Amino acid sequence: MDLRVTLAGLSLKNPVMTASGTFGYGQEFTPYGDLRTLGGIVVKGLSLKPRAGNPMPRVAETPSGMLNAIGLQNCGVEIFLKDKLPFLPWRETPILANLYACDPDEFAELASVLAAEEGVAGLEVNISCPNVKEGGVLFGQDPAQAARVTEAVKKRAGNKPVIVKLSPNVADIVGIAKAVEAAGADIISLINTLTGMAVDVRTRKPRLANVVGGLSGPAIKPVALRCVWQVSRAVSVPVIGMGGIASAMDVLEFILAGAHAVQVGTANFLRPDFSFRLVEQLPTVAREMGVTDLESFRGSLKTA
Amino acid sequence: MPIPYNRCKDVTVLSLTPHGPEGRENGLWLLELENPGLAKARPGQFAMLRPASWGFDPLWARPLSICRALPDRLVFNFLVAGRGTSALTRLTPGDKVTLWGPLGHGFAVEPGVRTLMLAGGIGIAPFVEYAAVHPTPGQLSLLFGHRPPLSCYPYEDLAQTVGAESFQDRSAEDIPRFVELLEKRMAEHAGALALACGPTPFLRSVKAAAEKYGVRCQISLENRMACGVGACLGCVAETPDGERVQTCTRGPVFWSNEITL
Amino acid sequence: MDLRVTLAGLSLKNPVMTASGTFGYGQEFTPYGDLRTLGGIVVKGLSLKPRAGNPMPRVAETPSGMLNAIGLQNCGVEIFLKDKLPFLPWRETPILANLYACDPDEFAELASVLAAEEGVAGLEVNISCPNVKEGGVLFGQDPAQAARVTEAVKKRAGNKPVIVKLSPNVADIVGIAKAVEAAGADIISLINTLTGMAVDVRTRKPRLANVVGGLSGPAIKPVALRCVWQVSRAVSVPVIGMGGIASAMDVLEFILAGAHAVQVGTANFLRPDFSFRLVEQLPTVAREMGVTDLESFRGSLKTA
Amino acid sequence: MPIPYNRCKDVTVLSLTPHGPEGRENGLWLLELENPGLAKARPGQFAMLRPASWGFDPLWARPLSICRALPDRLVFNFLVAGRGTSALTRLTPGDKVTLWGPLGHGFAVEPGVRTLMLAGGIGIAPFVEYAAVHPTPGQLSLLFGHRPPLSCYPYEDLAQTVGAESFQDRSAEDIPRFVELLEKRMAEHAGALALACGPTPFLRSVKAAAEKYGVRCQISLENRMACGVGACLGCVAETPDGERVQTCTRGPVFWSNEITL
């Protein structure tokens, strides 16, 4: 079965990518599988300068999910380009950079540095970040601000596709999606984590030093599928779905709901060879489900 | 030539038994798994274990120190600490467990150097392998602090190989006495090597004593881990200059002056 | 241990109520426990006229959670008052009516009918419902509309406490909470379900006839706790927490995060004696956790 | 006098075995549980079962027809249909299962009236108890349609008590032939009683035939259930006048003209 998919000029050998923040810089997973078999790799969110991230504890397990408040710890774009990217098989597998900044200018600067790199196939913009200039409201929660960030990145992205990654912590995700599409997003990816919290009655303390964090994993799959379905019907750019994917069947569910491709996040922690195995299993499961061609299967959900 | 991507395996449970006659009530268990080829595990390294039956809840694998890596099996000793480890006690022979490892850096092995092993509770686990593979076991001694009876731990095996000393703390008042003993043994190892594994408060005392008496000291951290491979950044320890480093890949064993506790 | 709690004049013998839509009209659970032991009972959402609800399938299981799109099937307020309420032990346990309508006038009418009944201890307003007059936007997603419904109900509620039940499907739940507080809500309860979806690859159909539905159960507990914590710090009216509660420890977690009382929803389906057992276990678990007095424990979460 | 609130119990698994020599590969199992006192279960009633080990995933209990309610045990026959029922196959004797029941309305028992039992696949389960407790079993006959071998079902027990006839459908082409047979038997029972349990397409054929030949007919629905007690409204069936009624409490057995399919 032909699993290839092309979205906004990005050619993937299969629709399964790994999600930002859950696959390190790729290298961590080389003992567990061949990176070249993946549809794409989105690396850990990058900022202009290195960030130390939040204090510990940063992760907590929840029913069928987890919370994280890593705080975007990363080595900074410079070290990424110097030490991490050269290692990755970018000629064979698209490597996508995930961008994190706190104002549109910083986003633009980050975009121009990354877009200039041959090894970077596209830019994924994490708009679930606070706008420092406007009192810390998340860019991703306001259509106008989401659009501003998108424009800023798009202007400096050259011919590299710009993927805008949406937050589910909004009343109307379609409104945000349309705003970023109008602002030039080539692809929309979704969802980022839901804001959640966990507490420890014994110590009377939050389970995350940051108090609140992002909920991910199978627990959020129903929310993610709903967002993919709503957004993919409302925009004409391709959609990359994610949120709780933990099997080849889940991949098909997201494509059925309208996704062109998917990202596997938290499931990479269930076992480090998770994404590799999923890619291997996908053709078989697709065949069993009568899916012969992803193009015609995509978005073919029968609603009355 | 194909590269063998064989570090994550589904292995079979060979046995699971409470450790010693009082192991069950104290939540101390001995787990033996098929060895998927980790012969070269170094003492202090660990593996991530995830029973196939877990579904999505518990979500993460659990890290356990490799207590023995034998050709025909891997031996783990664990303490029931919460949901995950209590779910481990429901394994039965024949069940499948997803395992990846050996992970992280083990303890320094310095042949001919006097080495003091400091274990708190289930922190004794890595020292079983350490003593078993050390080239000059005559140089090793062990100070073991514990609460449940000694029979709940792989202590006897160790005591047969190395100079071992145990201290049972029965109440909060015993702890200062244990710390005193710890300091005494540290003082005797000035300039030599100390290795510690156990709960964080215990490691803090060890670190302080090592600094006080000029002992080169390694400590093994038991931070919460989601992935075990350096990807999630959930397990970080802090270095004195504020850098945050993954315990799973840069540790779990650190020189005591490399990190703050 | 004294488990009594009083909120806005509502006296509960313990902080554990059952959540609307998950405990029928109470009678369904009489073979499994003594209704009088519960802190309170919130009955299935009521509308002015009986509603047949949505077509089947209406429920789907998800990882550590479930989706429902019952569509507010209910017997209507009249039959409730005539046939269901008299059966309930309302002299011993507060019975709360849950109100569902599609415009503020209907809400007001429903409120006046219910508030006049001696057996109804309070009114819980479900604002996660579409505003038919304003194009179907949910009342609960817009502060101004949420306030309008609250005012309409409050005016006709006599001396009965008005509880406004918030939806988590918003960017800023604190904004909604403050709006309904200002509009006269006596108590805020939260959270209602998250909007989600599930699909069946084999049949290419959604798992709910209604396509989208509400996600509930342990999967959403982290989102619920976060909402309770944010809202309870921002408003001065008492908060009733719910979302994924499935143990006595969970009850304590919600109180630690700031809730005065809680509601148990989906867990009632895990076993029909769930809430009864939880009430029995609560004092023991509280004692084990060093909680001697709910008042001082409430909201005592230590954040740095 | 205290009311006994004893309808939800944690009972012990007595045994779990594949049904017959080919049960395992066909996913057909026999489960025996301690009977917490359901002696008065009526045939066609069911129980909700939730193993203690499930945590939150699967979330809901699963409904199973009570196949035999004996003083010392409850017998269930089940087919592996998905995640929940396949998780049931991992039970071992001694495990705990939360059980509530008997639930819903059973089949009509009309002594002296010729009664045709129509079972599709695992839908045979409730008829075992039905035949065992019927006061005039001589009036009963059974038509059983199945795909896996007969030995996978509790068919032989039944065939010893009542006039039983089985039909194995091996392919889609066999189905019309089975429906023909069904119509023939219905025609023979005009004015008498028919009772059916099985998959929905089968029940549709039964309902149509009953109406065609004037047979008073009851059918047992297998709607998805979350609570089993009438609270969630997730299991509703639709009546001809558009009302939606709970299958768990108003059914699972309905007169065929009470509901639309």
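Read from first to last, the chains carry the letters A, B, C and D; within each, the first residue is number 1.
Here, a contact is a pair of C-beta atoms (placed from the backbone, for glycine too) under 8 Å apart; a residue touches a chain by one contact, two chains touch by 3 or more.
Given the structure is predicted, the values throughout are model-derived calculations rather than measurements.
Using the contact threshold fixed earlier, the set of chains in contact with both chain B and chain C is A, D.
Just to note, of C-D and B-D, the chains joined by more C-beta pairs in contact are C-D. Chain centres here are Cα averages; for chain A and chain C they lie 33 Å apart.
The geometric centre of chain C is 35 Å away from that of chain D, both derived from CA atoms. Taking each chain's centre as the average of its CA atoms, chain B and chain D sit 53 Å apart.
Chain centres here are Cα means. That of chain A falls 46 Å from that of chain D.
Chain contacts: chain B has residues 55-57 touching two or more partner chains. Annotation for chain A: residues touching 2 or more other chains are 62-65, 217-219.
In terms of which chains touch, the assembly is arranged so that all chains touch all other chains.
Put simply, chain D touches chain B in their complex at residues 53, 55-57, 90, 92.
Taken in their complex, chain D has these residues touching chain C: 3, 5, 7-8, 50, 55-61, 98, 100, 223-224, 226-236, 238, 242-244, 249. Chain C contributes residues 62-65, 67, 138, 141-142, 169-172, 194-199, 201-206, 209, 211-212, 215, 217-223, 225-226, 229, 244, 249, 252-253, 256-257, 289, 291, 300-304 to its touches with chain A in the complex.
Residues 21-24, 28-29, 31-34, 44, 52-53, 56-59, 61-66, 68, 70, 73, 217-219, 246, 266, 268-273, 276 of chain C are the ones that touch chain D when the two sit in their complex. Of all residues in chain C, only 63-64 touch chain B in the complex they form.
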